[in-house]
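One structure coming up, written as structure tokens, with questions to follow.
Chains here go by letter, A, B, C and D, matching the order in which they are written, and residues are numbered from 1 within each.
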Amino acid sequence: MKRCLSVLTALAALAFPGGASAEGKVKIGMIVTLSGPPAVLGGQIRDGFALAVKKLGGKLGGLDADIVVVDDQLKPDIAVTKVKGLLERDHVDFVVGPVFSNILQAIEKPVTASSAFLISPNAGTSNFAGKQCNANFFVTSYQNDQVHEVLGKYAQDKGYKSAFLLAPNYQAGRDALDGFKKQFKGRIADEVYTPLGQLDFSAELAKIAADKPDAVFTFMPGGMGVNLVKQYAQAGLKTIPFLSAFTTDESTLPAQKDAAVGDLGGANWAPDMDNPQSKAFVAAYEAAYGAVPATYAMQAYDTAMLIDSAIRTAGGKLSDRDALRAALKKGDFVSLRGGFKFSTNHYPIQDFYLTKVAKRADGKYETEIVERVFKDYGDSYAKDCPLK
Amino acid sequence: MALLLVQTLNGLQLGIILFLISAGLTLVFGVMNFVNLAHGAQYMVGAYLAAWLIGLTGNFWLGLALTLPATLAFGLALEALIYRHLYNRDPLDQILATFGLILFIDEGVKTIWGAEPISVDTPAALAGGVALMPGLLYPIYRLALIGAGLAVAALLYLIVNHTRVGMRVRAGASNSAMISALGIDIGRLFLIVFGLGATLAGLAGALVAPILSVEPGMGDSVLILVFVVIVIGGVGSIRGAFLGALLVGLIDTLGRAFGPALLDLAMNPSAASQTGRSLTPMLIYLLMAGVLFVRPSGLFPVKR
Amino acid sequence: MSAILRLEGLSKRFGALAVSQDICLELAPGRLHALIGPNGAGKTSLINQISGALAPDAGRIFFEDEDVTRLGLAQRARRGLVRSFQVASLFDGFSALDNVALAAQARAGSSFRFFARAGKAADLNAKARVALDRVGLGERVGRRAGELSHGERRLLEIAVALACQPRLLLLDEPFAGLGVEESAEALALLQTLKTEVTMLLVEHDMEAVFALADDVSVLVGGRLIASGAPEAIRQSPAVREAYLGEEEAA
Amino acid sequence: MNWRAVVPGFGFAALALVPLAARWGPEAYALNLATRALIFALAAMSLQFMLGCGGLVSFGQAAYLGLGAYAAAILARYGGGDLLLEAGTAIPAAALFAVATSAISLRAKGVYYIMSTLAFGQMLYFFFVSLSALGGDDGVTLDARARLAGTDWLASDRAFYYAALAALALGYLLLDRIVGSRFGRVLGAIRQNPLRVRALGFEPFRYQLAACAISAALCAVAGVLLANLNSFVSPAFMTWQRSGDLIVMTVLGGVGSLGGAILGALAYLLASELVSTYTEHSGLWIGPALVLVALRGRGLAGLVWGGR
């Protein structure tokens, strides 16, 4: 036991290198998922953020930026410990993350109760958009339902009579189908929930073929999406329009390739967005990381730009939290998606587009904007938020 | 009726994939009494090697042919470095070691090939599909997969039941004390069984690469299904693994396809969809618990 | 008085091998009955069926006039039908005392006690010491069973069986692997024990069998070919041919 | 007094000093990490009782952790957020679940037993994933930490650490007594030689069933504490990988030793945290380390105490 005690002491000394943040420096703690299959999403966020900081000369708002990246392993209790480490050991001024909503649920309270701001570059759940909104919590992506609403609206406008809905059986999956149904008033041919992590969709595909709906809507992130899209094409079902969210994006397209071409999605941005800052970003990202950026990277880049603008507006004084909060809320930066402003609940108000998968001239795949579906669209939960 | 046929075919095909992975593991369990949690990781390595080699050679068949010796070599390397030293040890040490291996291999493939899912194109000769029901093409590759799986099953059956090696393997599975009594070189037999298991796992990984995405951790979820198959079929029994895999494949697929509709008949729709959602993913575990309740050593136990 | 154990037409097959064929046997209380037979005659299989470790394919087993055929090993043990094992099968991680105390505990029926230290249970330890003294292991109480010599382990096996307070003790080759001196000690022990408890002794050592047994039965190829007083068995031509003859010739 | 009693005493005394040491460092982080380690030590110890002392390799232990956590979450939601009440609910719930499922699992032996515990664990996992009322996969947030006998002492991280330490110490004393009791002696005997135990007149099934219930109850307490530590509960607490983690902690510490399970849990969690601070590829380091410990055998307790 004596020996193990000395081991513990040594471990403790190693685990707490810490130190207060020095003057003229801003510390960013980033918590994203970097293990398991979803690691690719966490990687995009890390890289998108790093690209912005590099462009700003290693500074944010004129202060030297020190970025600590930790992996939440997609385990909520581990995420809480990691976040406490960022706050107490590394004394970060901003926590950027996470990728997934269940991690957000776990870390929102510890971060917002501390002296740091929490900025989510991806997860944006409805509870924190409504009653439980928080002055120290900002979202630079969107409220989760909105992307599904885009596709529901499109299906409705297009006059589809019936839709077949398919999602994994977990909270985000159920929310996705609800979001779609909020806008789509046609007949629901069938609503199928698959176990999380299901690999083979042939049973569901046969059902789709039997039901003959006007359109299929699905939410099938990560590897599940890769499998579904390939199998959908192999089953010869591509005559039925395939509407999906987080199923075909730049993180999955390298694996889906031709099978996904023509599939429709909803997003707040696509790599072919026609503005100079976006074009420069896509080119720089591809040069640096050899992959086409998805919205994850775009939102992380915007997050860095938001922090940069806020520190600048607040005069570089990180200790003045109220000034910093007001500056963040202004959202006074040049977003890659063009227009960007925060609603009262600190979720964005922005445009949403219908996107379509295309093969580029250089052989790579990306989503491209087809049409704008919502303009300056805020989420419907903001009215429940007590913030003004 | 056509739908039922297609769904049965789907179940069969899932079962065949599960069989290819289970066949090797059930022998490793049965003959060597070795709890190998890393078998799923070896399947994943097979898929990655296939994707890499097919990409490198630009030819599906050549890539597939190269994958088999590569996975065999990988498996034998693991055997020589780690497994060999754990054969007569507490199963808990085996669990600890192979759990550690999963962590290492998952992280390793991510470091080498990246975290993005990668995919393999269907070979041109097997592209396209046949219309088994209106509106749905059944991919020829999947039919070929079922055929290949049945061929492997038949081959294994011949090897295990009609060769000297097979006789020893069977003897080992039913009573490991007996093989040493018969003067058989256990080290060599274990090496053969393990090599066979590793190659089969690698083959399964390579064959599914064109229909499933190849990604880190893909072996972990499959591993649990494979355990279910082995336990239902009876540890150490190829026949059990085959029938267990088909049973799991069919029940899972048909349950997903027709379960909700059946529940709709029995209760009001909203309660049915709630129940269906919770019940479907549990179906095969319920099946397994049921089998264990009635036959605690699986459906086709090897006589001990 | 009626038989303490009665076997009626007991049969058991392992595939093609018939280990017990229609065995009928009665054991009188207060006597030592020996079961002999060549290797592979099915002696241990028969003990396994009597004790409940193995279910017979056909036939019935009565213990003190109760049909115990369908009862498990543990249920028969609780009724006093206790066995020792051929391959000394002790709890090697436990001390000799604990091995025997556990048997006493089984008899006392007080095992769902979660807090009191079992090692300090005076009543169980006292009973265990008596049994250990009885077999001559009084000096070895604190030793772990795994550290005892082969002969000591055989004696401990008997002590464990005694602590179960058997009404019928099934002894499976207690003399196997013992040296000359140890055999003599064990023989003396069984001589005194046979006055207290009814025993069914399965044994290879013919000298021991004819020195101890009141009755002898002969099992060959799963069949009971003879049963009677030791002298009669020794003289029986059938037995001599089937079994004893071979040994004398060898 | 012998060293077997002194060593745990020193161990717990040293753990009691951790919050004092933490005041010089990043306190909330250090306390959170240390408290989580203690909670997992409790869970690993409950598994050790079954696995090391009873010979039952359960691959579904995380289910009990999750049951405890959800019991706390449900009570907290309906205003019953008192630690004693939560534990008082979680314990019978987990014990009941353990008895019901083990009654089936225990019919199977060896690998079959391991796998059937896994199956029941997976069933419970999928149940909570599809339970929308409690947030499904997203989990559910507890508004506040539980009260303790009506007081809000536990709101302080330091007090909560001591509550976890007290639970661990009590659990240790309890299990240590049970292992040495008449019941524990039968259980240990079953692990060594089940056939012999039956020949003595014991029915192993009843003892193993009771052991499963005790283990589940203790693990559920760990679940209650885990829920309150993070003010958050989700099905991720009960994945099969979590059960694997618990087995790793137990085996890492040394099979059969209650103290070893504590040591294993602390070592595994602290090492994982430490390694992941320095590299994103922690699996490349932790994995081989586990393999090496397994090849050596007997776990860390073997290294420290030199054998079982």
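Definition applied: a contact is a pair of C-beta atoms (placed from the backbone, for glycine too) under 8 Å apart; a residue touches a chain by one contact, two chains touch by 3 or more.
The structure presented is a predicted model; accordingly, all values stated were derived computationally and were not measured.
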Just to be sure I understand the contacts, which chains border both chain D and chain A?
B
Going by the touch criterion at the top, tell me which pair is linked by more C-beta contacts: C-D or A-B.
A-B
What is the distance, in whole Å, between the centres of chain C and chain D, each centre taken as the mean of its C-alpha atoms?
43
Separation of mean Cα positions, chain B and chain A [Å, integer]
34
Return the distance between the CA-based centres of chain A and chain C, expressed in whole Å.
73
Starting from the mean Cα coordinates of chain B and chain C, work out the distance between those two points in Å.
48
Contacts with 2+ other chains: residues of chain D:
126, 129-130, 282-283
Two-or-more-chain contact residues of chain B, please, as numbers and ranges.
106-107, 110, 277, 281
Sequence positions of chain C contacting 2 or more other chains:
none
Please give all chain pairs that are in touch with each other.
A-B, A-D, B-D, C-D
Parts of chain C lying in touch with chain D, wherever the complex brings them together
51, 53, 72-75, 77-78, 82-83, 85, 89-94, 98, 101-103, 105-107, 110-119, 121, 160, 164
Chain D contact footprint on chain A (complex, rising order)
1-5, 7-8, 11-12, 14-16, 18, 34-35, 69-71, 73-77, 80-81, 84-85, 87-89, 101-102, 105-106, 108-109, 125, 169-172, 174, 193, 195-196
Footprint of chain B on chain A - complex, ascending
34-37, 39-40, 43, 169, 191-197, 199-200, 202-207, 209-210, 212, 222-223, 226-227, 230-231, 234-237, 251-252, 254-257, 291
Residue set of chain D touching chain C in the complex reads 177-178, 180-186, 188-189, 192-193, 195-196, 198-203, 207, 210
Give the list of chain D residues in touch with chain B in this complex.
51, 57, 104-105, 107-109, 111-112, 114-116, 118-120, 122-123, 126-127, 129-131, 240-241, 244, 247-248, 250-252, 255, 281-284, 286-291, 293-295, 297
